[in-house]
Structures are given as C-alpha cells and as structure tokens.
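In the part that follows, the structures are each spelled out as structure tokens.
Note that chain A is present in both complexes that follow, paired respectively with chain B and with chain C.
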Partner chain A sequence: MRFALIGVVALAWEATARSGLWSPLLFPSLERVFNELILFFSRSESLLQAWVSLYRAFAGFALAAVAGVSAGILMGRSRFLASLLDPLFSGTYAVPKLALFPIFIFIFGIGSLSKVALVFLECLYPIVIITYHGARDVNRVLLWSAQNLGAGRGAILRRIVIPAAAPHIFAGFRVALPVAMIVVVITEMISSADGLGYAAMYALSSLKTDRMLAVVVVISLVGLLLDWMLVNLRDRLVYWEKLDTYYV
Partner chain B sequence: MPISASAKLALARTGVWLLLLLLWELAWRWGLPQYVLGPLEILKHFFAALGSRELYGHIGASLARALPGFAIGAAAGIALGLAAGVARAFDRMLSPLIFLTYPVPKIVMLPLFMLWFGIGDLSKVLIIALACFYPVFINAYYGVKVTPTILVWSALNLGARQSEIFGRVVVPSALPMIFSGLRVSLALSFIVMFATEMINARSGLGHLIRDAENSLRFDLMYVSLASIAVLGYAGDHLLTFVRGRVLVWHEQPA
Partner chain C sequence: MKFLSLLLVFFSFAAAAQEPPLIRFGRGFAAEEQVWLMSVRPDLTPNQGKKYQLKQILFQANPERFQAFLAGALDAGTAPGLAVIFARAQGVDMTIVASICLEAAGREYFTTAYMVKDDGPIRSTRDLKGGTIGVVGIKTATDLWARVGLLNAGLVPDRDTKVFPMGFPAMGDAVRSGKISAGTFVEPFYSAEMAKGGLRTIFTAQNSVGYDHELLNIWFGEKFLKAQPEAVRAFLADYVAVTRYYLANTAQAKSDLHKAGFVRTPLPFYLKTSDWKRTASGRVDVESLKKLSVLMLEKLQWLEKPVNVDSMVDQSYLPR
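Then we have the complex of A and B:
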C-alpha cells in the first residue's frame, strides 16, 4: 500500500513507452533504462565518473563541515564573533552562490578545485547557521553547573557545548549533503569533462535518453545512499535524541 | 556620553568590515589578477550597467523564468502538502514518493525536460517549479502535522464544520511553516534559474555571465553577479515583509 503510487507511476511510464505514441528516443521503456543501468555498473569508465562526482561532493562537504562547525560554535560562544559574522551569513544567504562559479573557474581552474570550492561555499551556509543556533541556545544551567564543578573552557566546549549542539550540527549536515550533490551535478553540467553531470549531458547530446535516465537513477541512488549513511551515523552518535522527521 | 554595549559591538563590527573592504580595495590597486575586481570598481560598473537598457532585458528574462516556476511549484506544494497533512489516505499514497525523491538533485531532470518540452523557457520554468515544489510541500505537510490538537478539539466543540476547521484552524497554524518553505523555495528558484541559464539560454543573467566569461569581459561578470545578488536579497526581504503582514499574530523567530 505504501509504495502503491510509485508502482502506478512506473506502470504508467511503461505503458506510455510501449504504446508507441512517442519515439523511444524521447520516452525509453524501463527495460532499456534498466539495461543501461547494468551497463553503467559493469563499465569501469562510468564507475570512474561516479567516483569523480562523489569525490568532489564529499571533499567540499567535508571542508564545509569542519569550517562550518568551528565557525558556528565560535559564533555561538562569542557575542563579538556572532555580531561580526551573522550579518554576513544571513545577509548573503538568499544570494545564489552559483553565480560565483565563472569567477571560481578563473581563480581555481576548470578542474575539480573550482567545483569543490563552490560546494564548500554552498554547504557552509546551512552548517554555520544551524550550528550557531544550536551552540547559542545551550541550556545555561548545564554551563553554570559545569563551571561550578570547576570545568575549564576546553572541557566545557568538549563535554557540554558540542554534545548539546550535536543534534543541530547533524541537522545542518542533513541540509548541506543534498546541496553538495546538487552543486556538483550543476557545475559538471555547466563545464566539465567528467563526472555524472557531464555524463548526463553527454548522453543527452548523443540522444541516448535511456543512458541519460540511467545516469539520473545513479545520481538519485547516490543522493539517497549519502542521506541514509548520514542518518545512520547521526543515530549512532546522537543516540540520546530521536530524529522526529519522516522517513521511508 | 556612555556608549551601550550593543552600540560598541555594532561599531566594532562595522569597523572590521570597513577594514576588510579597504584591504580588498588596496590589494586590488596593488595588483590582483585581472579577474578579481576591487569593490569600488564593481560598484562603478554596476551603476554604469544600471543606466543601460541591456541589463534590464536580462533581468526581465530571468525573472520571467524564476517567478512563474516559483509560483507553480509553491501553489502545487501548498495544495498537495495541506491535502497530505489532512487526509491520511492521500498521505499514505503520496508521501513515500515525495520523501523518496526528496534528496535527488532535481536539476538532473533538466536534460530530460529539454527533450520533452524543448530548449526554450518552458523546460526551465517546469524544472524550477519541480525544485520549488519540495520545500513548500514538506513545510506545509509538517505545518499541518504540528497543529495543536487542542485547537481542533475546541473548534469541534464550538460546532465548527470540517471546512471551517480547515480554513480557520489548520491553515493559519500551518502558515508560519509554509512561509519558511516559501523562503527556501524562492532562494532555490533563483539558483535553479541561474543554473539553467548557464547551461543553455540566449538571455538572462546566467547567460550574461557565461557570455562575459567567454569574451573575458570581467566587468560584465561582476555586473551579473551583483544583479543576481541584489535580486536574491530583495526577493528574500520582500517575502519576509509579506510574512510580517500576513502573520501579524505570529512572533517572528530571531
């Protein structure tokens, strides 16, 4: 019952594809997409494309995670830093950072570095802002108790602030991780010679719609897999607080 | 005259930012690579471009893609999100599909949309609508779910009909979350608009920046960048303003 609609959509797709109303170039059957998907996983070049995209997304995300959590916690614990950085982050939040990409190409070159830099920048915003809110709203009674028990600044940071902000930190990660994938795919579609975004555009320009859809499926699977891994990691590390969002 | 602590903080903040801008300007005068312009230079080019007609054509073309896409995606997201939040059978049918496709970058559908709907504006508007749909749907859905049960009970007790409960209890209590969804989606619509225009378009700000890149017109690159920044910022503030007007009863979170 839960997956009924997904089944209906798949059936409708298959029926449309087989009706012969549209050319298979525009509307390939699921069978052909599936065959291309198997082909994708059996060829080392296409696996390499997936690896390149994954590597770019992860590199940018990891850098943003380290920088964003540090900056967010510092902002949460220091009013001066917060008043300095908060207007910067909230003021430019709604500005599409993607517009910087052409300039990044000139600065960092056309290879992976410009893409990693853009992923870093886009992921930084949600991580910093959400971590900042988490670190700012730490329960004061906990901080006072720790101080009263003679804990130093380092101990308070490690034992109180970071655990208290951890659910927020992971919420930020969960927003940022799909963003990393999106930015990688977009930048690879705009200018690249490798990666999954490039593979999708290349398949389209050679009118291999079935192959392009297979790439779309691979990108979706990578997105789902990353999200699933992150949620699992979160549930292990932040075991004391349940995640109250919906999952399938 | 004593200065309050918050005024001191604001003063220090402004000082640090002015210092950074000054350093940037000095570094530019001292000799940065050609593709990095100084802040004053960017401002000069931006205001020069504001006086020309060409820039407004690009801005108009961009908005003509982003805003209809946002409107369609937001309307569909609100309608389906509210419906899924209220009707359990509909929720069970629709939500697995939505939440399964949520982490998928919607922009990957652009090549397929280009095949189906052509390389013109229709495919761009539809992909923007698709991207904008998700945040609004999810926020409207959770907005309904967090409606306090006691309000619904009270309304029932006072003899309200189903439609009255929906219109006067459920929707108002979901509105704050719907607005946060709209805010995410509006920013997203500009990002996706820019991406589609950089990938393939003959007008718009994304096209302008690509064109400038190819002809090494760095001034135009920064003009396009400044325009999209201003648009994104203005759109966000407009939406926050509307929210303040609509949600008069709701305390704004900091």
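Then we have the complex of A and C:
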C-alpha cells in the first residue's frame, strides 16, 4: 500500500507512453527511462555529477545548520536579538532568493561557491525560524527548576534549551534539506558545467527526455536517502520523542 | 427556431472553411529580422490573411521550441540549421525550408565573436587551458563554435576548458570581472561591448568552423507541409519579398521593428550594428549544413551516426 500511489502514476505514464498519442521524445516509456537509469549508475562520470550536487547541497545545508541553529537559539533566549532579527527573517522569508543568483555569480564566481552560498541562504530561513520558535517555547518550569538548582546560563542552554528545542531544530533541518537539493539542481540548470542539474539540462538539450527523466529519478532517490538519514539521526539523538513517520 | 440554429451552424462552418490556415510560428530573439518584419509590416506580405494567417510565438531557446512542436503547439519556426539536424536525428519530423542568415566571412558581415579581456593573459585560444568559456546554452550553435574553436587549438572542451551556459547580456561583465575567461558575443551586445572597449576577439564562429555556414533557418513540421503546401508556398513567397525589402531598406525596416518593440536596443545604436549575411532568395546553403553534420558526428560526437542532410532540407516551397 505504501507505494500504491507511485505505482498508479507509473502505470498512467506507461499507458500514455504506449498510447501513441504523444511522441516518445515527450513521453518515453518507463523501460527506456529504466535503461538510462542503469546506464547512469554504470558510468563513473555520472556518479561524479551526483557527488558534485550532493557536496554542494550538503555544504550549503551544513553552513546553514550551524548558523541557523545558533541564530535561532539566541533569538529564542534573547528578547533584544529576537526584536532585532525576527523582522528581518520574517520580512524577507517569502523573497525567492533564487532571483539573487546572478548577483551571487558575480560575487562568488560561476563555480561551486555561488551555488553553496545560495543553498546556505535558502536553508537558513526555515532553520532559524523553526529553531527560534522551539527555543522560545521551552517549558518555563524546567528553566526555573534549573535556576533554583544553581545552573548557570551556559548549563541551562546546554542541558535544557537545546534538548528541548531539538525536535524543532530537526523539523527545520527536514524542511531545509530538500530545499538544498532543489536549489542546487536549479542553479546547476541555470549556469554550471557539472552536477545533476547540468546533467538534466544536457539531456534535455540533446532531446533525450528518457535520460533527463533518469536524472530526475536519481535526484528523487538522493532526496529520499538524505531524508531517511536525517530521520534516523534525529531518532538517535532525540530518542525521547521518536518521529511517527513511515520510516519507523 | 431549430431552423435558425441549423442555419447559424452552417454559416459558422462555411466561414471557418474560408479562413486561411493558421501558421503557429515559434520565433527567437536575435538575428531573425525578416521573420519579425512579416508581423510588423503585413503590408509587405500580400498573401498574409488571404492564403495563410501568421501567429508568432517567442521562445528563449531551441529545446523549448522543439518541445512545443512535439506537443502539437507549433507548426513551424526558426532554429539554427545544426539544431534541426540534431532534432531530426532524434526523430523529430521537421524540415528546413529556407535560410534566414549565415555566419560568413567578410568585413560587410557580422559573425559571432568569442572575446577575452584585452589586457588579460589570454593571447590565443590555446591560452584558454584551465579557463572557462561562456556559451548561451548547451548544444546550441554557440556551444558548437566554442568547442570547435577549443579543439582547433588542441584543447579538450570540459577537460581543459570548462564550457558554461550564460545569458548574452551577462557575458561582457563576466569577462571583464574575470568570472569567465572568454564569452560569446552577438549583436547588439558585441557592438555595445566594443564601444566600451577593453575586449578583444580571439576567434569567431566563421573561422572556428572554417567556412561560411547556415546560422538560422526556417523549418516546418512535415505534417503541416503535406497538409498545407499552398499556405507554405504563400508564406515563403512573402518571406522572400520581405527579405528583399529588408536588404534594400534596412534602416527603415530596423526602425519599424524597434517601434513595434521587437528590438529593445536604443534605435541609433541598433541602426549602426553590423548584420549577419542574408540571402535575398532565402535559399539554403545545403553543403555547409552537410559539413556541419560531419563536424557534429566526427569532431563533437553530438550525432550517433551519419545523417542524410539532403532529406532534411526541402527548398521546393521557395519561389522560383
């Protein structure tokens, strides 16, 4: 039942491809896409493209995770910082940062750095905002108890605030991680000489829709794998509050 | 009442039957002046509205144009001849019917230029080793010329020199700021950058390939060619007439295009820019396309097997 919907979509696709109503260049059969997928995994240069995208996405995400969690926790515990940063993050959250990519290219160059910088910026927002709400909503009774027992600010942060905000922090990560993959692929489609986005554009420009769809499948698999790893890590670290997802 | 309804339906069908066939035409945004002029100056096209109707739809790139054609949203369009060869090799049923312009040698013609910083370390194409070259899109004509230029200099594209897709408007600043080592320049960007100074041409589309060759062509879907041959003939008769007008009255034609919003470059500047070679007859240089197909097969491996270019070009619809 878990994959029933995927099966229905695949069947509908195959029926369309075999109907003869559309050119196979627009709707290639699943068999052709699968063959291209096998080819993809058998070529070292294709795997290298996947690695390049993964590295860019993860670099930007990791930077955003460090900066975002720090900023979110500080905002959650400091009224002054919250009043300073909250309008900035809330006010510019809806801005599509992708529009800034041409400027990023001029600042950071056309290589990986401009893409990593954009991933960082896109991932920063959900991580900061969700962490901030997690840190702000820590149970006051726990804070008072710790203070009564003589805990300092550092100990309270380490032992109370961060563990209490951890489920929110991971929720932010879970929102940001697919964003990282999406941004990397789009920026590689716009201007790149490597990566999965470039591979998809190359296939599309070569009118190889089956190859392009195989790259799309690879991107989905990478996204699924990253999410699975994140949920597993969360369940290990936040063991007192396991996620009720399809993975557990 | 029933009789009146039937009468209405009859007359609607009769009116529809008298309507000339509509050509849904996918156009681009550069070097297609004669084609645009057909919509801007319908007074130059006596057959338009009588033997065919024309609806021009703007596309930014070839793959989108070809996909629209495959989806049944286009009947014809413009595209580089090499892109049509490539599409035909993939099974897209389209045929080249006329030439729009060529990359040609000669002071009187413009040919796409690859430029570097004048005061930079790159003195020849060979110096691009370890650098980057900007092209407007993957597997476009600009990509082909760049790769052939690199291969001519003994460099392997992607390995020795990265080939980056980038929009024409960004090329000048990208080269000047050192973000890319060389960029592709077409009019009007070429003239604008030359006016600013500080850039130098290291090779051109014409000397990269080594001979004059087709740049842009008009293609039609084979189904439309078979279903509406008279409409295609009428369209091409008008196209040739407009091309002749354009060549004889270039300044006026450019002013009209500018006024209609087809060109955004300031008019005085647009009037001064040099132009690609355009043949008054609209006839296609098939030999140059054959040579390009061999280049795509042997030098670039863009084609999987040899193609029959003669079967991809049909000039019988052009006026004799």
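Methods note: the second predicted complex is superposed on the first by the 237 of 248 C-alpha atoms of A that agree within 3 Å, B and C clash if a C-alpha of one lies under 4 Å from a C-alpha of the other, contacts with A are read in each partner's own complex, and residues count from 1 in each chain.
Methods note: a residue touches a chain if its C-beta (ideal position, glycine included) is under 8 Å from a C-beta of that chain, and two chains touch if they have at least 3 such contacts.
Everything quoted here is computed from the prediction, not taken from an experiment.
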In the overlay, answer first, second, both or neither for which of chain B and chain C A:4 touches. first
Considering only the touch criterion stated at the top, classify A:80 as touching first (chain B), second (chain C), both, or neither. first
Looking only at contacts as defined up top, I'd like to know whether chain B or chain C touches more of chain A. B
After superposition on the shared chain, which partner residues are touched by A:41: those of chain B (first), chain C (second), both, or neither? neither
Kindly classify A:26 by the partners it touches after superposition: chain B alone (first), chain C alone (second), both, or neither? both
Touching A:226 in the superposition: chain B (first), chain C (second), both, neither? first
Pick one for A:105: touches chain B only (first), chain C only (second), both, or neither. both
Contacts of A:206 with chain B and chain C, given as first, second, both or neither: second
With the two structures laid over each other on chain A, which partner does A:193 touch: chain B (first), chain C (second), both, or neither? second
Kindly list the residues of chain A that each of chain B and chain C touches, one partner per complex. 25-26, 102, 105-106, 190, 201, 204
Applying the document's contact rule, which stretches of chain A touch chain B when the two form their complex? 1-6, 9, 25-26, 79-80, 83-84, 87, 91-96, 98-103, 105-107, 177-178, 181-182, 185-186, 189-190, 197, 200-201, 203-204, 209, 212-213, 215-216, 219-220, 223-224, 226-227, 246-248
Chain A-facing residues of chain B, complex: 9-10, 12-13, 16-17, 33, 35-36, 92-97, 99-112, 114-116, 183, 186-187, 190-191, 194-195, 198-199, 205-206, 209-210, 212-213, 221, 224-225, 228-229, 232-233, 235-236
Enumerate the contact residues on chain C facing chain A in the complex. 62-63, 66-67, 70-71, 86-87, 90-92, 132, 137-140, 158, 162-166, 170, 173-174, 177, 179-180, 302
Quick one: which bits of chain A touch chain C in the complex? Just the residue numbers, please. 22-26, 102, 105-106, 109-110, 190-193, 198, 201-202, 204-208
